[in-house]
Amino acid sequence: MLIMMQSDASREQIDRVCERIRELGLTPNEIPGAMRLAIGITGNKGPVDPAHFTRLAGVQDAVPVSRPYKLVSREVKPESTVVEIAGRRLGGGALAVIAGPCSVESKEQVLATARHVREHGASFLRGGAFKPRTSPYDFQGLREEGLMLLAEAREATGLPIVTEVKDTETLPLVARYADVLQIGARNMQNYSLLEAVGALGKPVMLKRGLASTVKEWLMAAEYVAARGNYQVILCERGIRTFETLTRNTLDLGVVPLVRGLTHLPIVVDPSHGTGVAQAVGPMARAAVAAGCDGVMVEVHPRPENALSDGPQALTFDMFAQVMDDLRKVAGALGQPVA
Amino acid sequence: MLIMMQSDASREQIDRVCERIRELGLTPNEIPGAMRLAIGITGNKGPVDPAHFTRLAGVQDAVPVSRPYKLVSREVKPESTVVEIAGRRLGGGALAVIAGPCSVESKEQVLATARHVREHGASFLRGGAFKPRTSPYDFQGLREEGLMLLAEAREATGLPIVTEVKDTETLPLVARYADVLQIGARNMQNYSLLEAVGALGKPVMLKRGLASTVKEWLMAAEYVAARGNYQVILCERGIRTFETLTRNTLDLGVVPLVRGLTHLPIVVDPSHGTGVAQAVGPMARAAVAAGCDGVMVEVHPRPENALSDGPQALTFDMFAQVMDDLRKVAGALGQPVA
Amino acid sequence: MLIMMQSDASREQIDRVCERIRELGLTPNEIPGAMRLAIGITGNKGPVDPAHFTRLAGVQDAVPVSRPYKLVSREVKPESTVVEIAGRRLGGGALAVIAGPCSVESKEQVLATARHVREHGASFLRGGAFKPRTSPYDFQGLREEGLMLLAEAREATGLPIVTEVKDTETLPLVARYADVLQIGARNMQNYSLLEAVGALGKPVMLKRGLASTVKEWLMAAEYVAARGNYQVILCERGIRTFETLTRNTLDLGVVPLVRGLTHLPIVVDPSHGTGVAQAVGPMARAAVAAGCDGVMVEVHPRPENALSDGPQALTFDMFAQVMDDLRKVAGALGQPVA
Amino acid sequence: MLIMMQSDASREQIDRVCERIRELGLTPNEIPGAMRLAIGITGNKGPVDPAHFTRLAGVQDAVPVSRPYKLVSREVKPESTVVEIAGRRLGGGALAVIAGPCSVESKEQVLATARHVREHGASFLRGGAFKPRTSPYDFQGLREEGLMLLAEAREATGLPIVTEVKDTETLPLVARYADVLQIGARNMQNYSLLEAVGALGKPVMLKRGLASTVKEWLMAAEYVAARGNYQVILCERGIRTFETLTRNTLDLGVVPLVRGLTHLPIVVDPSHGTGVAQAVGPMARAAVAAGCDGVMVEVHPRPENALSDGPQALTFDMFAQVMDDLRKVAGALGQPVA
């Protein structure tokens, strides 16, 4: 159930509706919109009777929500969400490019990469400081030192930072540095972490789990939104299939369909989605042509020496070429590059 | 093993090499190239000694082939294959658009569709006359009547016909009408059918099986090529995964990688690849941006009345819009539309 | 729609019902049962009105069928089908063991194997004479010579023969020798072949396609049954997943559920289902414990020299041990070994 | 690298070897065995030279380890691990049955279930107090109250408790009550949680992730072992595939193969593995026949009223029948029921 308030509804009227919802043993969720406020109701087992609300002052309409995800569904909020990140915007029309190394490895590496991607038009810097790795014996990231190097690179280039948070223990630390908190594919259903980033209120980039349906992905986003944080960016990064030519199977086909289901912006990561540097450029172009809000790619000054995921990293020259191509494709389809 | 002949090698020299190969109990396969002829050797269990050939007259080089598919590998034929179809070309740079109904249903339907797609820039007409269907009780196509209607539409529009052949029994009949013989996903490993179309020498469009790896797909193409028919077009049409939002998962990520493995052209079918009309346009654009040689889409005058696959058919208006978009994307990347 | 005839219905009454069905433009399918005959109606688009039949003489009831597969569904025929094969039975309670080499390679190999599996309790001999192989350059079977060797082994041991038919061209030849015609996983949706074996009337073993749902598998069986051949044995042989430790993922979980959906017997092939000899015995035992009607395993005198699928072949000693174990498990659950 | 100590090696000799390992910048991991102690070396990038150790006093041998998982591999510890749980044992030959409700819902429900499963031969009680759910609006468990009810049931029946821990925040609380800490499929690669339960030293049941390869699963177990906790039980519970007849595809084929790769015991969960109550008994029998160390099944007094996963819960009568059957199958194969 979603309560649409009139565009001139007062704070008192809104509070009265929320109070009524609580009286019924349910939970109100305020969802700010461009034109007017909506109040999502969650916690109900079955349908809620609209008659509880339609005669309250300031209420325009009470509409049932058919999807299992409610707050993130486009039914509930028809206009697309634009996530504000340190003065920049993701979603809402322009194409955002997020680029940087898989792992932060050294000051020289991260600064050189940040400057290069900035120069060629990236709007955000990515880089991992805490790395969840399949083997306990693999490089796990530079941790706080890595975060400090990212902050230095932000200082030098002005690019906001997207970096992964892997557990609730290190969340306060990571949140001190990050502009966008990335939830990795392995953690997409780590609900305690989702609730914690939901409570924090910082922009979140939620990667799709490698065996997760779109519905489960949106339910994970709902965990964040249910704590009051609507600043969620979805990131398609490939699913696991039988094919071994690519590391994962990038599921671009969901991009146009996700648009109809949710108001959240969607970014595509062709680096993890293919695992092969030579396929990253073509699939970044394809993602833009499919209509995404942003692409995220891994770039490394010397991929052959990378401490993680070298085979999928773009060289500096490759990245420059990819940006040229993305500008052409986005331009042809009338999408500005942020 | 691949024998590269000198560019001025004579017919006698070529014949002598083939004879030598047969003396060793192996099979020679002549592979014509733009610059010179190559002779692929198949039938060997282990490596073949190059010394058997390098001193024969007209031989430039004898090179081992590392892939399990040989005749279709780019190792063996570095230049891309261009398939000649009734005076039109598929592969070699320009973008080909293949469009038409899933099934041929009536004269009015197929003619109206053929005229519409022709007018908006399609270069080939698709349409099914023999339909393999999951249920024995579903519409199985108009059979020969469908082929005749396709021929009539070709007559009226000049568009060559792409149509499916589902078994060796109806192959002679279908081959009398078709310009391109389509092998469906369910038949990708129907080796008897592959051998039969290989022996026939007509252009073949080979759809990827819905649980087939790229390697298996190229091995299936090798079956056709091993019978002397190199006019093979690969068609990516989605693989089967756990996701149910789309009918299949369109695996665009293989497009740029297949290029490096084989000289055969590759076409993408976003209609079967997504199963949802609203996703067809975005994924057709994405396929072009990923670098394919062609796209194949289903178009129907009234999708809601289609006898098969209505949910994925484009309306006439949608098709016109898709063509506009494809021209923009292809144009931006410097690819002409055929 | 299914017309249940009275147990004492006469031939004339049956014919009259069939005639009525044809008058409605539909197709009657006679389904013999232990107690009485049923007539399945196929070819209808929507529901059929029972009133057309209930007042005809000899008709007991007219019941709607809810499944998309009709003739093979347990709704239509509650009692389990027992397939009669050269005097032996498959289905109906006892456990059948089908064993033999992947490919027939030589007289010595097939005779020694047939004798060994016979001695240890197998009831059927399997062996491939026509082998569909992923590569056109791999061993494709001894063809008719292989069939003759199988016949010789049948002569020597009394074991009926299960062998694969890979296309309609060789079907008449294979059918002259085979007691059970095996349709391989790659051909599960080769509808022309299914129709041809349906028309032939010989027992058919239908392997599940490696990306086929149970529903699609039963629809494939329906193709055979719709031609009048109800002697169909289902064979679960593993599906394709992301896991690479095993060649396929043996989907035993469908065994108990398939029972409720269809009256056809179900056999499990743990050799293809795992691809690893050491796992074949445990999974054969598991299949019996899950309640299947038979298991099919590959046995070879010297697996290390096998021309196909050596890694999954049981040695003679391993097979003897497997049979001991199967007798124990089947015995514990009250199932006799055929 | 694994250092095998002599059976009479002294504490000083062991300490000297560990010191030498640390001098090389690597990490020693003591692995107690029935006959003698081994010391696993982790943290090396490439091979370690055995000469560093072979001449130290008390060292019998220094052997390279080829698997990426080391401490949990059977190479490193050939004898099977037996996990001791509150005086009971899991692994080492006997069959353990773990049974109970999906979620703890009430005192009456959990006590009645515990008594019933105890009476029919279960050795452990399962029950969820903290439930990770796909939707934030679904029942999330009774939390501490649920743990207290489990403890009460343990008191009443003597059955040790297996219960899920879903995050590090609630780990201390759950660990106060649980005898075995279950890590759910969604958390299999939640490395922070794995490290935390590794440090705690309590028995851990590690469910396989629904898109995890066996290798990744064993790497996850390695995370626990690398913190010094070798009391790890693997639990196969089905993987995600395209088939929708079952909730997941129970991958029994890995059971016999996992045995060769690791010394850890393996349990099978046919309740989640099929999602259909009627398939649970057959697949529990199949799991025993395949050679597992235990089965875990969900039981509920009134499945139709269950707050979670009702469709897969066994009724009391069904559970009694399943136990009878398991005893028969295990008995036939010479495996005692614990």
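Should a chain be cited, it is by its letter among A, B, C and D, assigned in written order, with residues numbered from 1 in that chain.
Rule of thumb we're sticking to: a contact is a pair of C-beta atoms (placed from the backbone, for glycine too) under 8 Å apart; a residue touches a chain by one contact, two chains touch by 3 or more.
Here the structure is a predicted model, which means the values were calculated and not measured.
Centroid distances from chain B, each centroid being the mean of CA atoms, peak for D. Of the two interfaces, B-C and C-D, the higher number of touching C-beta pairs belongs to C-D. Chain centres here are Cα averages; for chain A and chain C they lie 50 Å apart.
For the pair chain C and chain D, the distance between C-alpha centroids works out to 38 Å.
Counting partners per residue, chain D has 211, 240-242, 244 as the residues that reach two or more other chains. Chain B makes touch with chain D in their complex at residues 240-242, 244.
Interface of chain C with chain B (complex): residues 42-44, 68-69, 132-137, 166-169, 186-187, 189-193, 209-211, 216, 219, 222-223, 226, 240. On chain B, the positions that touch chain A within their shared complex are 211, 213-215, 238-239, 241-246, 249-257, 260, 270, 273-274, 276, 278-279, 281-283, 285-291, 325, 328-329, 331-333.
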